[in-house]
Amino acid sequence: MAATKQKNLWYVRQARRKRRFTTLLTVFFILVQVLWVGVPIFMTVLWSLVDPNHPWSFPNILPEKLSWGQWMYVFKYTNILRALKTSYTLAPCAVLLSFLFSLPTAYVLGRKQIPGKKFFQTIVLLPIIMPGMVVALFLSRVFNAFGLAQNFFGLVLAHTLMGLPYMIRVLTTSFEAIPQDVIDAAENLGANTFVKIKDIFLPMVRPGLLAGMIFAFTTSIEEFNLTFIIGTPTFETIPTILYSFLGYNFIRTNASVVALIMMIPNIIMLFAVENFLKSDYLSASLGKL
Amino acid sequence: MERKNVSSIDYLLLIPGVGFILLFIGSSIFITITQSFGVLSVTGKSQFTIENWKAIFHDKESLDSILFSLKIGLLSSVGTLLFAFPVALFLRKGGSGKRFLASLIKIPLFIPALVAAFLIINLISYHGIVNEALLALGIIKKPLRMLNDKFGWGVVAIQVWKNLPFVLLILSSSLASIRDDTIDAARNLGAGTFSVLFRIYVPLAMPGILVSMILMFIKAFGDFAIMSVAGPTYPPSIALRMRNTATLFQEWDKAAVLGVIIILTTLFITWLYSRLAEFVTGRK
Amino acid sequence: MKKLLVMMLAMCMLAGVAFAAGPSIDLKTASWDSIVAAAKAEGSVTFYAWYFPDYFKEAAADFEKQYGIKANVIIGDQTANFNKAIAEKDMQTGTIDTMIVGGQWVKTTTDLNLFYGPIRNILPDASKFSNNSWELQEGVLINGYLAPFHRNQTGILYDPDRVKDPPQTWAELVAWINAHPMEFGFCDPSKGGSGQSFVHTAIGALAGGLDKYKGDKELVQSKVANWDQVWKWFNDNKDKMTITVSNNDSIIRMNGGELAMTVAWDDNVKDMISKGNLFKRAKMYIPKMGLAGGGDTLGVLKNASHKAAALVWINFIQSREQQLKKFQMVGAYPARTDMTIEGTLLTEEDRKNNAIPWFPAPYKDFMIKEFVKNVLMK
Amino acid sequence: MSRLILKDLVKKFDNVAAVNHVSLEVEEGEFVTLLGPSGCGKTTTLRTIAGFYQPDEGEIYFNDRLMNNIPPAKRNTSMCFQSYALFPHMNVWDNIAFGLKMRKISQPEQKKRVAQALEMMSLSGMEKRMPGQLSGGQQQRVALARAIVTQPDILLFDEPLSNLDAKLRVQVRVEIKEMQKRLGITSIYVTHDQDEALAISDRIVVMNQGQIEQVGDPQSIYLHPMTSFVAGFIGLANILSGQVVARKENQVQLELPFGRFWAFAGGLRASVGDTVRFSFRPENVVQYREGSPNKVSATIQHAIFMGDTIDLFLDAKGTRLRARAESAAKLKPGDIAVFSIDETAFQFLE
């Protein structure tokens, strides 16, 4: 009896020690992560706030004076506003198109056992697998031939191309995840094809649809290669502007401002997605199967 | 899965998505290939020739670029994996702290590659915070020159930083599919931490490991933006060289050869992966 | 969303509509006044550049105020600008009217016959620029097709806190580099002109002067035979110098304390100081051994739809007031020879005595390629 | 409400007949269970009735109407799925009202009927909940409510209780039976659980390998299995074969390795010398009392205590038999005991 008790104590102590270790490790990782992500961002914020009249140079650890001067300069003189406008009109257009294009395809890939399915699924991945610069450079020859280069509609097509794989993949999984029973039940209760699409398929793939849209949206906002080759100089997006500040025109303060302008909406989006992924009712409601 | 018969309408429905991708990617690959042989050349006369291919293979600069890109691709994929795998293991079982950690880790996923490059450039510059911290801790006596370094560590660092969450997501989902029973069974049969790690976790997560490594490799190998911002003075990455050859020197045919090389390498690696995946999962 | 889409479609269509109006007068024979009138009738001009966004934005506003002609200034990527122009080469009318022609593009664009001209005889202020700048750019004969609009000069930029007695001759520089390893920097010549200028000077110092190349239209092999010594020197001293990746990168590394001395463009330095990216104590000079200068030009596209307005715009940029304003805003030294400037980083004296001309373009191209092959690749 | 007639139904998948010439008539208001092991074709039959599959051969009639080419949406059947198949994105009310909406029933009528169904299934007050927030039993009720609210001609159940725990299962099957009796809807119920089938059905159709083995009410299926499959599948049975050695009136004497036994012949046509297959239940092998017929002495191999009875595994001269004894009997492995088999217990098989 005594021995058992002692053994139990050992066991409890061991478990407690393990839990404490895990907590410590978690805290450690969080700290590392805060440094890992936070420091770079913090430094960028500092650089973007350097006062134009008080350079931040070695050996100063911190800038002498902070001001909004760099932000004002960027907004006043660079094409940032035009680029913001282009980026944020381009992205919704590309998302809309890729949604329309991916819906029928994802339906077939998700719900039909067609011959050659694996092949088609590989094709869908091509825009992700293929190196961006190669596609951009030589697609630009094709676009040139059809008057799509340096053209807004051409850019929308290019961005749609890059968003499609994410959209199709996510939607395909959503379509796959719908239990056949549910569709049969709807049909059994009298639903026709139209009702099935409107009341069953669309609402049930909605979580996937939103996720796909967010993926396609951020892909479009980030897209550099195709925009750079096909769109610039007529159309500047935020990445191409940033590239010009990072390349031969490397001006750290201006680049910081543009980097932040590009980054902040994305991080906000990340938290939106986080929340949304938690309320994934599709898997929740079918969890008892 | 519907057990109903397949109709030709299904193939029609594939056109908007698959057809669209096939049209655009296919045509660009087609142009790359034809142009590399001087056919359908946009810069002037169109005549079949293999001179461009010969030229590239006799050009040490191009070979240097290819080797450099291969090296960066390999180091980036291995590096990211080494960082991501332990974290993925640690995060396999959630607690509230870990959930918070997981969303922190995801942040770089939403930071565009160019911005990531810029963030890291700031850090690793000569008197950047990394060097200053190392100096303050007395680890080094003189600051390290990491920016645009000849080896390419700066590029690898950026790739790791930017893609860690991406790889983490893939690894997490393949680790999540390992049932606790399996682990318990292994422990019950006498496996220690080490054995559980290398005999259970690693083999079972192998498909995920392979996928993430391959995607990382492809990303880093064909990268233009990060290389052009943080890469060394020489050699330029192959994508960078290709772009310069085409748009700076207007030698589109030679650029096309480089393009075909990039595509072939990418396809070869992807094929290799699918074979490996078959081998690992034992499916034929 | 629907509204947005309609807007989008409308935008696409607008972009597709070509501007139909062409000049009704012969620009090469018409009087300047009638050209100005034609320009006003055209109503707008589209100008492509890749730097000085602040200056060109203000210039566009001034231009519109003065002539009532709208100037669309597009600041794009340098390479992208030229690729667009080249892609539009065979179109009836292009979308670019006029653009800056950078040093490395003079040869390509001249070979492709991209520009309208000669415009030297049309522009009223042409005589206010040096004859040479109308004839030869980057060693390429331009025959009055490209209009000079600023002169910039490379010099040695240094931190007076760390460099007490800046070197003037090649020997002094070598001594300094030996005494302060890695603290001297220059940019990769394939990525920026300041690096080219430094290698150019090194060739002069190590391979028997620069005079022998003067006037050559083609590369003479025998004259470059002893460049091996130059590459040897670079290789021997490679780990004592920092090779940076762009003109600006050199300056930024100086600001970060990595470099104490570097070769840089005067206008770049001024611009970086004004934006808080370089400490104000920085000093600059042209050493006695000499460093080369340069200057970009403006060209009117052959298929421009607003040629008259483009010419008026160029004339406007070349005007005294604008040349001065440009200098004040971004530190770019005027190309006009009929004005002197106060308060420059580089003294007038330095400019007069120590600025040297480039050797001809074939040598410059060869220099860049050989540097990559013999130094960077090693 | 409909009569359901299946005529010579065949459904093949990849050339394998999942349903192989099945004919069946179900009366109006009747509760018929399709019972059989997994893969016997019962679910395929059900789904063919619902219209999810097109039969390869044969006909389906609701009353006199041929249904073969009517799409599932127009058949006016209601199916309860094993997974419940609730629409996860709709609340309870919308789930139940779905079929009514499809039938374009007027709003007030919808309200009335859904409320009734909720009431009937004791779901009142839960109409705003999402399926994910309900327990398994509640989800089951919603699925039932959704099925009955449309007043279908035929109710189809596809193993609706298999996701519930044992206790709940017993409770819900009673409810289903009561509900069906009250509404009088013709019902087809698929299950592999014989207890469930026995408890709930008016008639049971035992299926095996795509074919019907036997159709009958629960008692006759249990007491008078006609094939060895039915005998073996439902309840426990000793299935043996032996030679007829004598015949008198409606009795036959059977020669078995462990003795000769008299059995009621029933409809058996076999004559002396024929070998026949037959079965008898363990509960018919009881401890021998003076005057009982058909005496067997056997060694007890295992005795398993079941509460009210003891399950016995016997060895009668090399033949294994199952028997049952009252738990008061003091039997233990190794004992030799004497049993008797009731003459009426013998069921001759095809």
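Residue numbering begins at 1 within each chain, and the chains themselves are lettered A, B, C and D in the order written.
What we mean here is this: contacts are C-beta pairs under 8 Å (C-beta built on N, C-alpha and C of every residue); 3 or more make two chains touch, one makes a residue touch a chain.
Computed from a predicted model, the values in this text were never measured in an experiment.
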Problem - Reaching chain D from chain A through chains that touch each other, fewest steps - result: 1
Practice task
For the chain pair with the highest number of C-beta contact pairs, give its two chain identifiers.
Solution key: A-B
Exercise for the section: Taking all protein C-alpha atoms shown, work out their mean, then name the chain whose own C-alpha mean is nearest to it. Expected result: A
Problem - Whole-Å gap separating chain A and chain B, where each centre is the average of the chain's CA atoms - result: 16
Completion exercise
Cα centre of chain C to Cα centre of chain D, whole Å, reads 91
Fill in the blank from the handout: Taking each chain's mean CA coordinate, chain B and chain D are separated, in whole Å, by 58
Completion exercise
So, in whole Å, the Cα centroid of chain A is separated from that of chain C by 39
Practice task
Two or more other chains in contact with one residue: find those residues in chain D.
Solution key: none
Exercise for the section: Identify all positions of chain B at which a residue touches two or more other chains, and write them in rising order. Expected result: 3, 127-128, 247
Practice task
Name the residues of chain C that each touch 2 or more other chains.
Solution key: 80, 191, 249, 256-258
Fill in the blank from the handout: All chain pairs satisfying the touch rule are A-B, A-C, A-D, B-C
Problem - Complex contacts: residues of chain A adjacent to chain D - result: 179, 181-182, 184-192, 195, 199-200, 203-204, 206, 281-282, 284-289
Exercise for the section: Mind listing the chain A positions that touch chain B in their complex? Expected result: 22-23, 25-27, 29-30, 33-34, 36-37, 39-41, 43-44, 47, 58-59, 61, 100-109, 111-115, 120, 123-124, 126-135, 137-139, 141-142, 144, 157-158, 160-161, 164-165, 168, 176, 180, 183, 218, 221-222, 224-225, 229, 239, 242-243, 246-247, 252, 255-256, 259, 262-263, 266-267, 269-271, 274
Practice task
Could you please specify the touching residues of chain D with respect to chain A in the complex?
Solution key: 47, 50-52, 71-79, 81-90, 98-99, 102-103, 130-132, 136, 139, 146, 150, 156, 163
Exercise for the section: Please give the residue numbers of chain C that touch chain B in the complex, ascending. Expected result: 79-80, 82-83, 86, 104, 108, 182, 188, 191, 242-245, 249, 253, 256-258, 372-373, 376-377
Exercise for the section: Note which residues of chain B are touching chain C in the complex, please. Expected result: 60-61, 64, 125-128, 143, 145, 147-148, 233-235, 247-248, 250
